[in-house]
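Scrolling down, you'll hit the structures one after another.
Each of the next two complexes has subunit A plus one other chain: subunit B in the first, subunit C in the second.
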Partner chain A sequence: MTSSVLSAARPAQIRWHPLVLRYAPVVAIVLALIVLWYVAAALMNMRMVRDAFEREETPYTVSDLIAGTMDAERPLLPAPHQIIETFSDDVFGWPVTSPRSLIYHSWVTLSATLVGFLMGAAFGIVLAVLIVHARTLQKSLLPWIICSQMVPILAVAPIVIVVLGSIGLRGLLPKAIISAYLCFFPVTIGMVKGLNSPDPMQRDLMRTWSATPTQIFWKLRWPSAVPFLFASVKVSITISLIGAIVAELPTGAQAGIGARLLAGSYYGQTIQIWAALLAASLLAVGLIAFISLLERWIGEVMGARA
Partner chain B sequence: MRPQAWQRIALLAAALGMLSATVVPLANEHAPSLLSLPAAFAATLLSASLYAATALVPLRWSIATALSGVVLGCYATLAVLHDDSVAGNAASGFWLAVTANWIAAWVAVARLAAVKPADKAAAGIVDLAIPLLFGVFVFYLWEVAVRGFGVPPVILPPPSAIGVRFFGSLWMLWQDFVQTFLLGVLSGYVIGCSAGLLVAVVAHRYTFLGRGLLPIGNFVSALPIVGIAPIMVMWFGFDWPSKAAVVVVITFFPMLVNCLAGLNAAGYIERDLMRSYAAGHGQTMRKLYMPAAMPFIFNALKINSTLAFIGAIVAEFFGTPTQGIGFRISIEAGRMALDVVWAEIALAAIAGMAFYGIVALAERATTFWHPSYRT
Partner chain C sequence: MLAPAHPNSADRPEAIPQALAVHAKGVSLTFQTADGEVRALSGVDLDVAKGDFVSFIGPSGCGKTTLLRVIADLERPTAGAILVNGVPAEKARLGRHYGYVFQAPALYPWRTIERNVALPLEIMGYDGADRRDRVERYLKLVNLSGFERKFPWQLSGGMQQRASIARALSFDPALLLMDEPFGALDEIVRDHLNEQLLRLWDQTKKTVVFVTHSIPEAVFLSTKIVVMSPRPGRIIDIIACDFPRNRTLEIRETPEFMRIAQRVRAGLRSGHSYDE
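What follows is the complex of A and B.
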């Protein structure tokens, strides 16, 4: 009897489902951020809306003001629903080939990103293979590759565009080259680490089987480098996207997410800028998700242990 | 065949190539003979004999002979380039000499890389010397290629012209440096990093917040945040505060994520120990969590030092007062004054490396106890 009373006095601990435990904080903070965003939008656009009312000398109430801040045409900070509205309008409201369609601009940037990424990743892998096999290269080139990353490389973007433009290369390729230049580094570093990751025991084992260097490379070094490759590819694909966007900035490109940002900032179209940013974020998320899927699939094919 | 033998053959070929530069024409038309330039002629002959000697002398002298040969050979080719008839239409004789220098330099660096000095100081010097020699030689090849082929300066100026421009416009560079780096990057970096640190400390105290912020921070770190630059320019105007604001946003998330990971890196045993001492949260934070997080914090500081610079330069593409590195680069690139652009890039490179170097030094001074520094 007493024991049951005691246990009733202390309420049983509610046991949440692990998914709830994991996602509840994230959802709560995202909701809080959205609320904060609305408050900030109301506060930041308030002065502008009030000035507009006073210019027209129409009487207004506080609720009019707040309603005004939520659908201003060129707000300082657009409310989230405005961004979503413009985004879906730009995405679904126009044919895909129209220069007003956000899908068209995203495709321009995405194609440069992908071409640049493939070039950069291939270059990075080749460089890593050379560095792993030649001690001279490792000692002479690797420090410079590392140093090159402390340099704000994006500063080079305009020159690359101008130089390539003056020898007749325009459009996709210069942007892809900038992307490639930005994104090869993580691949090189990751692959050097990965190709060197088999421990001496395993290398000795290969030698006792009298494996040739080529065989050691394909049967030992390469498979053990694949996880490192994917880890660095995830970093470098977002860098490559950033490279493609930034490469569109200093040249007055006509199409692409970067061009969209630039046009938005010239004409004060804040909502358009935010919609372009949303598109860029979705691209980044999609690219990373694609790489993760690829990683899982290749892992299964190669028989990786989970 | 052993690498030694290959290197001998390569060196003899280099000596032959250097010698042939005295006979094969240096330029396509009106080629001057090397004999008309006595200093270059002597240097060519001397370096050819040094290359041949390198192939024959014992290994430990060979690096010295090869390097002095390369220096003389480089001097000879650069001296020949002063002749107007060679610059712009250099012919096979000239390129034979350059290739010979290249081969000899490669062998010298390869032999230097194979040296394994016994004591640590010498090993450090060798490790520093190899990339330096490599870098200097790359600059030499750049100079020779640009001037030998006569590449127009609007495509690629030679390094000597960039150097002249750099030291000729130090005052302009200094102003750009102040505008972009001291005002924009540094203030944004300090604010962004300390804000990230503070939020991480709070999020570490309240687990619910931490669990929510960590995935969001990771997610945002992967987004192309530089895109907010036009918005910041709209909010904070053309001058440096808008650049600093971009830098704040860019540096905030890496610091938050890394610092949160670092604060969680303290082990259970250490935490239990602090509890058995009856230490309060503030004390535990000071004595345990913060020191344990230091390597992670410095990692974020290093990542941020490059991100911050990139953010500030990109923000300048969206509008600036009439100075700043990014502004100057985009203006001068439009004007085809590429030597100014390259001088600005050299400035950005030096500043970026110095910034990174200072953070790395501070890391060594602060986290000297960490296993990665103990040997």
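What follows is the complex of A and C.
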């Protein structure tokens, strides 16, 4: 009774839809970032626009200035709507096979990413299996594996491309190899941990059944490592995307997101650079989302708690 | 391979009666640790007849789990000889002579209950139809029919431990080694599972070697109680316990039960196990 009196005394509470509650914080952050971006774009492009007005000796107002910062052809920082405009032009304005289409370039990069990722992940898993099964290999391989990750890839990539080119490997494969080189490391580290994760009781059980090493691997070590594999793969697949883009930078590649970035910076096409960056981040989001879906599906099959 | 027999306890397998499930002679085990040597077992002599239910009882550190692991060939003795079902412990392990139940259920979390029970069968190469048949039979034996498709985390602790017992029984070993299987469960569940275990032992005519630190549990379950003491781990008393095989929880009120429990307690006390 008291509660009904209390609630009657209060103003009716607003009940938000659960979807609103869920996405409101994200939307708020995005909106805030966009506002900040516009402010930054106005401030950064301001001098350039004012100089242009003064060079042509046309009178201008503050609102002319601000309007100018929003649709400059080669702004220091393009406004969000300019990027989206160029992006959708590049994506939808051309047939997907045209070298002007961003989808074409994304596909070139994506295919190198996927091939490189598969090669890197397979290599990483094989290394982890070797390390787990032979102590001497752990001591002899691990320092080299760690060293391999300290090499600045931007410096090594052209060498790799030239060397591979001289033995007749061109196009997708050299990029995939650089991408694989970058992305195997997290898989190796994660899988070594995962393959060693079964607890002593689970291992002793296998001993009491006198299981063979192969059986222990497939029925205990491998399934135990699956969650670790997914954690590694999420890191690794974005690294392999970066690897593919980096491999396109120093080699004068004709196609791919990296080539697009390079061309944009040659000709001062900042908007094109940002559109290519947007494409790269959408690719990364897509790859991660795909891995997460796969992880959830396999988790369900393997009895993970919902 | 089996550790070389202690010179003073020359092992003569031909002298071992075939009825023994476990025969240990002068078994010692010393662990090398960072703090020096730990004598986990010292001069253990023990015979377990086939069909017996033998409990090891003692305070922590008395080597009861270590002795069970030596029988299972999960640890190698540094001296002495041990035969399981008339063959050296390692041969018994390789021949899958025993099923082992650990303190924790240790079910594989990515396998359903039926696939957990089927795991040793898969490893031992039983064919599909036989596997399904055995899984069904042993899950029924431990009252888990209907839970085949559940994952371990969907079951209570007691049910998980029952599933692990079904798993240990699935390939029908003659010997069941149990290391405090009900230690993590509450008293009510434990009583219930003790009764079930006794019924199962009576039905299957298996030999059970059981580690516990509960006096009532040991007296209620066993045909023979082995009282152990720490520093170094050794056997200080072996008590026969002659209740009928199909005993019920009511025997815990009888004077005979009290008398045996009293003797176990006295044995534990004489080992000075609680003074240090």
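Before moving on, here are some points about what is shown:
In the analysis below, the second predicted complex is superposed on the first by the 274 of 306 C-alpha atoms of A that agree within 3 Å, B and C clash if a C-alpha of one lies under 4 Å from a C-alpha of the other, contacts with A are read in each partner's own complex, and residues count from 1 in each chain.
Assume a contact is a pair of C-beta atoms (placed from the backbone, for glycine too) under 8 Å apart; a residue touches a chain by one contact, two chains touch by 3 or more.
Bear in mind that the values here come from a model prediction, so they are computed numbers and not experimental data.
Contacts of A:219 after superposition: subunit C is touched, whereas subunit B is not reached. In the superposed three-chain model, the partner touching more residues of subunit A is B, compared with the other of subunit B and subunit C. Of the two partner chains placed by the overlay, only subunit C lies in contact with A:210; subunit B stays clear of it.
In the superposition on chain A, A:273 makes contact with subunit B only, while subunit C stays out of contact range. Contacts of A:292 after superposition on the shared chain: neither subunit B nor subunit C is touched. Applying the stated contact rule after C-alpha superposition, one finds that A:202 touches subunit C and leaves subunit B untouched.
By the document's definition of touching, of the two partners only subunit B reaches A:281; subunit C does not. Legend: residue contacts after superposition of the two complexes on their common chain; A:302 is shown touching subunit C, with no touch to subunit B.
Within the complex, the subunit A residues that touch subunit C are 199, 201-202, 204-211, 215, 219-220, 223, 226, 302-303, 305. Those residues of subunit A that touch subunit B in the shared complex are 22, 25-30, 33, 76, 135-136, 138-144, 147, 149-156, 158-159, 161-163, 166-167, 238, 241-242, 245-246, 249-250, 257, 261-262, 264-265, 268, 270, 273-274, 276-277, 280-281, 284-285, 288. The touching residues of subunit C, counted against subunit A in their complex, run 72-74, 93-96, 98-100, 102-104, 106, 108-112, 119-120, 122-124, 151-153, 171. Across the interface of their complex, subunit A is touched by residues 106, 109-110, 113-114, 127, 130-131, 133-135, 154-156, 208-213, 215-216, 219, 222-224, 226-231, 233-235, 305-306, 309-310, 313-314, 317-319, 325-326, 329-330, 333-334, 336, 338, 341-342, 344-345, 348-349, 352-353, 355-356 of subunit B.
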